[in-house]
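What follows is a pair of complexes built around chain A, which joins chain B in one and chain C in the other.
Presenting the complex of A and B:
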């Protein structure tokens, strides 16, 4: 069989796998709904169709309603795509950085702060806000990288601890000084209109950021597949022993993958502050970093698929909010489905960063077992 | 004289608080240590704490609803069994995914954590109509153990029976016993020997004829039970209620404690107490006029600093040994 057709078949089976994983996860969610809800069919129908706009044919022609929900899906897709890319870069160097949450919070805060302070001079404030978000993400992402590379601190634990620090710092800054007096609740001052991304479609928050996503995907893809640092990241991930023998410094790819991931998370923060929310509430809820993880897994570590995966996830999330409003099923159903997706992906041995070794290992072990069994029968 | 007695009382009270704060971390960390010994990092400790805390409360509350007229101790016992069973099942699911389906332990562990977070809030909302806590359900706490005979020696009494003089919680003792138990298991039993052999080299263990899978399943089961006890201390300890995200990162602190303690029993216990102490310090500072956000930053900062220090120490030591070797 030729190499090309083998690759093609792998692609196909991979896509089939993706659909299968989503189907299994949804089925798990459905079983749980069946067990706990009085109207499971209706709830699931709403979950799967709630995010779609309603199209009605009438005498006046075609009427759309609930377009706002679709806009929400698109807005979420943008944020989740960027967070998915943030996690993906770390994965490519086999770094399980869970720090996207903290980077996202601090970057959003930094962008808002700079925007408010430099609100009078848009030509300076705009790039400054962007730079602030990217830099804060980069630096905060680099910290666990440095700790890992030089002091071999487990990155899962350090990033989780840094998340706590970041979220508390965010709340501290907004509570103690950087807030709008007389708002009735704790919230940052409003970002001046000149520094906001203008909506492309009125009535929504879909902005020029929509074009940033394909750009970010391209940058991410190029970085991983066409640059030296991307190559080093992949080698370190696939075979650190080989990397050491080949003289590739282990320190640089580890730190850079985490720092660059932080920059993407920072971009997501900028999107939320300067396009979606326009001012940040003190009780912005953490946990969005894990959604980035789900997106990265759904996309099978392929940056090109990240926006699709993000869209699917955003669609489900918006549907869940509608489901909670209109039926007796709480929206946390999506968390369960999300967990099932992660578990299914973990269980399917095709997961990119260990496909090679693990699969080969299993096959070799299987062969050995078969051989020893056959040997035993003969002897 | 009176002054020193006051000081003694203060410190005895503080030690009690330290024990209380360290208990869930200790139990979870000891659970993590068992799987770590056989080379498997249990990232799901956080989820296991949460799931057992939830099912402990639900078990005891529904036992009381379905079987009225029994004693509170009976309900608490059933809650204990429910919580432990839930943690055991989740831990074994993780082991199954890893050992049978070749799942990456870190990703599967994160998946279990997500499942625990989602499922507890989902079920809580369905069962009580409240996403914050199970305050509307009457659940039962596990008892405290009172050591009699020291009523006339206040400092000793506070030390042995906590500030309230009623006795330390039974799970505080369970945590202390678990430290000895895990050490004994790893150092003195054949299962421990097998687990350490697997941790040293899986291939060699297979070659030596050790049933690797069975041993690792057992390790995950023990890990689940330990973490389950830790979770029950949260929801059936001093407050008989489950709150959303009740574990609040303690499972991750436990994981950090295992790493910080260089995967050894004594080190893990010391690190768990360190994290417990930083929580107590945070609570003490909270009494002063320091913004709560800064106080909440103390435990994560302590963790980061301790991990960095341990990393630097390891690095320096390996340099030293290399120098000697050369």
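Presenting the complex of A and C:
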């Protein structure tokens, strides 16, 4: 990596903070709105304020309406925080693993399945569902890790392809057996109430998961900064050649970073199944895992910032839904803004992933050497 | 500018330029402060005359590289001006510098290893026709013409990765010459070279100077300044402290100017080493593919408390030997054992756990993790062991304490364990690496070029640390392209040539001439090995000349 790009990256991480990037992205979005909408100012006003509750003064005192929208923001923040952490762990080991979507789908399905089957025994069903979600995420995350570590398969390709596999497997399971007869549409059986997270505020789906987020952030931070495996991840990410020379394992951090990321995605799956939806529709739309990518990028790979980034993103997303309902601008405008955010970070992030390429070369070379050695012994 | 016009500033920043209008390049009282607050250049004035080799001398961090960067447009001065051929110039980028006839040969070679010589030299400025890159033959032809014009022979069709370092550097020089510069800047050009290669470089530089080129060479080696520089400038702490003609100064005066104080001469009194070998290497070979073996039938011993020096032209098998001993590479045949336990062929961690520590030659690339903190870099050897970590959880206290202890003991600057290692200067990175490896209390220290590119004071500290480790009973294998370093430190020297031990000298038989002949393959003893004399290899202990 050249010194210049290193300096450039540092500068960007210092100054290119959350607010600036979002402001640039919003400005791009506004220009497009100006071009396409008959009422651009109103549309943008709705986008920016749609997620806020309305406060009215009346004879009875202060009255809040549209509180549900804010609840949606919070619920979404929880899911996106966990998915952001899932992507971030891979990033910190310089693995561009985008498999959060697939891990999330299968984990939600596994949690639902265990919950439905063990619904009668809550003391067992609850931890079992949690374990199922975590394990499925972990295992499904480890697959591309193993492929990368031992076969040098590019993790971007394998994770995106495994996402398709996961979503189709999810649909297959629900379509062919695990569904509620007589529901009128394809959906899993309902999770028994005993196994649902109870709402903290009635009328919303804000549950104890709200407290899981700071916990998950702490675990993630601790994992990266205070554990042996986190140290290995960071060394391998920063300079794989040094890691090799110092005898630091190269394979373990690659696999574990992706697998642990999968566990966080699994937690997000559990949140969606056992707190938000309570039963999973067959047509649950994929892509939320990639929103986790945007969150991780916005947070500049710092776990402490992830919840803030997730909140900002969820806020915009909810505002966009309101905007679509009430103005002539489609909610896809948020996709444009999302794309701008990704672009703002892409330049600097791509530089970081050059080191990932180095690691791949290194592993390839190691295997070639092993192969030539084996050949030499035969001959 | 007359000296009087400089006024009071003269006391701090003497203007060492001669009263002559023929400067190809001048710095006029340029200052540069980096964003981190370091004043790298303070009122630096110097002038480079066409047709002369001008050396800029100083320790690590004296501001030499910054002066060079200013001349090449990599940095812009905060104040002062750069004058090229009598006209003030603003260099916004290296492209401006190149356009104005300035070329740079960087210290760390920046070539694409998988490209050919011709591709590397034309990279970024390929011969084009209607906007398309023309055929490789054209590039080859133009590069061959370039080689011929400047008398620097290189096989332009070879892949750069297969060339010796000295030849690769010649490629860098040719690359700089392609822009037809009138001023050629070289940043520590001999730091990578063997004595013979350095000799060849100096001949090339003198030839270029005689064609009227102005050459600026950054260095911290006094002998080579004496040898090639017509004029020199000494920098210390970002300022010009002296300058003139090397012949006017004695060695002591020069080193005092560079270091700022008289250094006690380092004296590594040799101890009577034990006779029993601690490290035993037998019949070690490394063969890769069909090419010549990287290492062939190497036998050597090192006793506890002994330093075995390796001399040899770069690429003679030193790196293969080090890689095998540190566990990075499995030998094709043979084995190495430390204190009776095999260390080779079972991976780096096995070797390290058996007591091997390694100061790698290519430290900037493989020696440290620039994005991690200094403390985390000093931690890489045993982070997985108690008390550094327990049950997979790192103890930050232990990490910080270790870092502070090593920073204090080895004088690493800045003395801040939380600074990211990439911010350290090259010399301090090397101190940190040596500190880490010595702190592992190794039974065998592999030190590959431990003081290359390090200033005099830091080199002495590193030498003292290595000798202290020797005295504590470790075996040390030391390679160096600086024979003086081997003569000072080693108890015995083996010479490697084409992967074989071709000569073996004990301390009382060290001779620059004999070792030089063996290094270049002109005096080979086919029976030479590196075994301890007590083990019945007496005859091999004479550096014999070929009949």
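One rule holds for everything that comes next: the second predicted complex is superposed on the first by the 331 of 379 C-alpha atoms of A that agree within 3 Å, B and C clash if a C-alpha of one lies under 4 Å from a C-alpha of the other, contacts with A are read in each partner's own complex, and residues count from 1 in each chain.
Keep this in mind: a residue touches a chain if its C-beta (ideal position, glycine included) is under 8 Å from a C-beta of that chain, and two chains touch if they have at least 3 such contacts.
Note that the structure is a prediction, hence the values are computed from the model and not measured.
Once chain A is used to superpose the two complexes, chain B occupies space that clashes with chain C. In the superposition on chain A, A:70 contacts neither chain B nor chain C. Look at A:48: by the touch rule set out above, it reaches neither chain B nor chain C. The wider contact with chain A, measured as residues touched, comes from B rather than the other of chain B and chain C.
With both structures placed on the common chain, the touch criterion links A:241 to chain C but leaves chain B unconnected. When both complexes are overlaid on chain A, the residue A:342 reaches chain B alone and has no touch with chain C. Once the two complexes are laid over each other on the shared chain, residue contacts for A:231 go to chain C alone; chain B is not touched. Residue ranges on chain C touching chain A, taken from their complex, read 287-289, 326-330, 332, 347-349, 351-352, 358, 360, 365-372, 376, 379-381, 383-384, 389, 392-394, 396, 422. Residues 32, 36-37, 96, 98, 147, 150-154, 156-158, 160-162, 164-165, 168-169, 171-172, 175-176, 290, 293, 297, 328, 330, 332-336, 338-340, 342-343, 345-349, 351, 353-354, 358, 362 of chain A are the ones touching chain B in the complex. Residues of chain A that touch chain C in their complex: 6, 226-231, 234-235, 237-239, 241-249, 369, 372-373, 376. Contacts from chain B toward chain A in the complex involve residues 43, 97, 101-104, 106-108, 110-112, 114-115, 117-119, 121-123, 125-126, 131, 249, 252, 255-256, 259, 291, 293-294, 296-297, 299-301, 303-304, 307-308, 310-312, 314-315.
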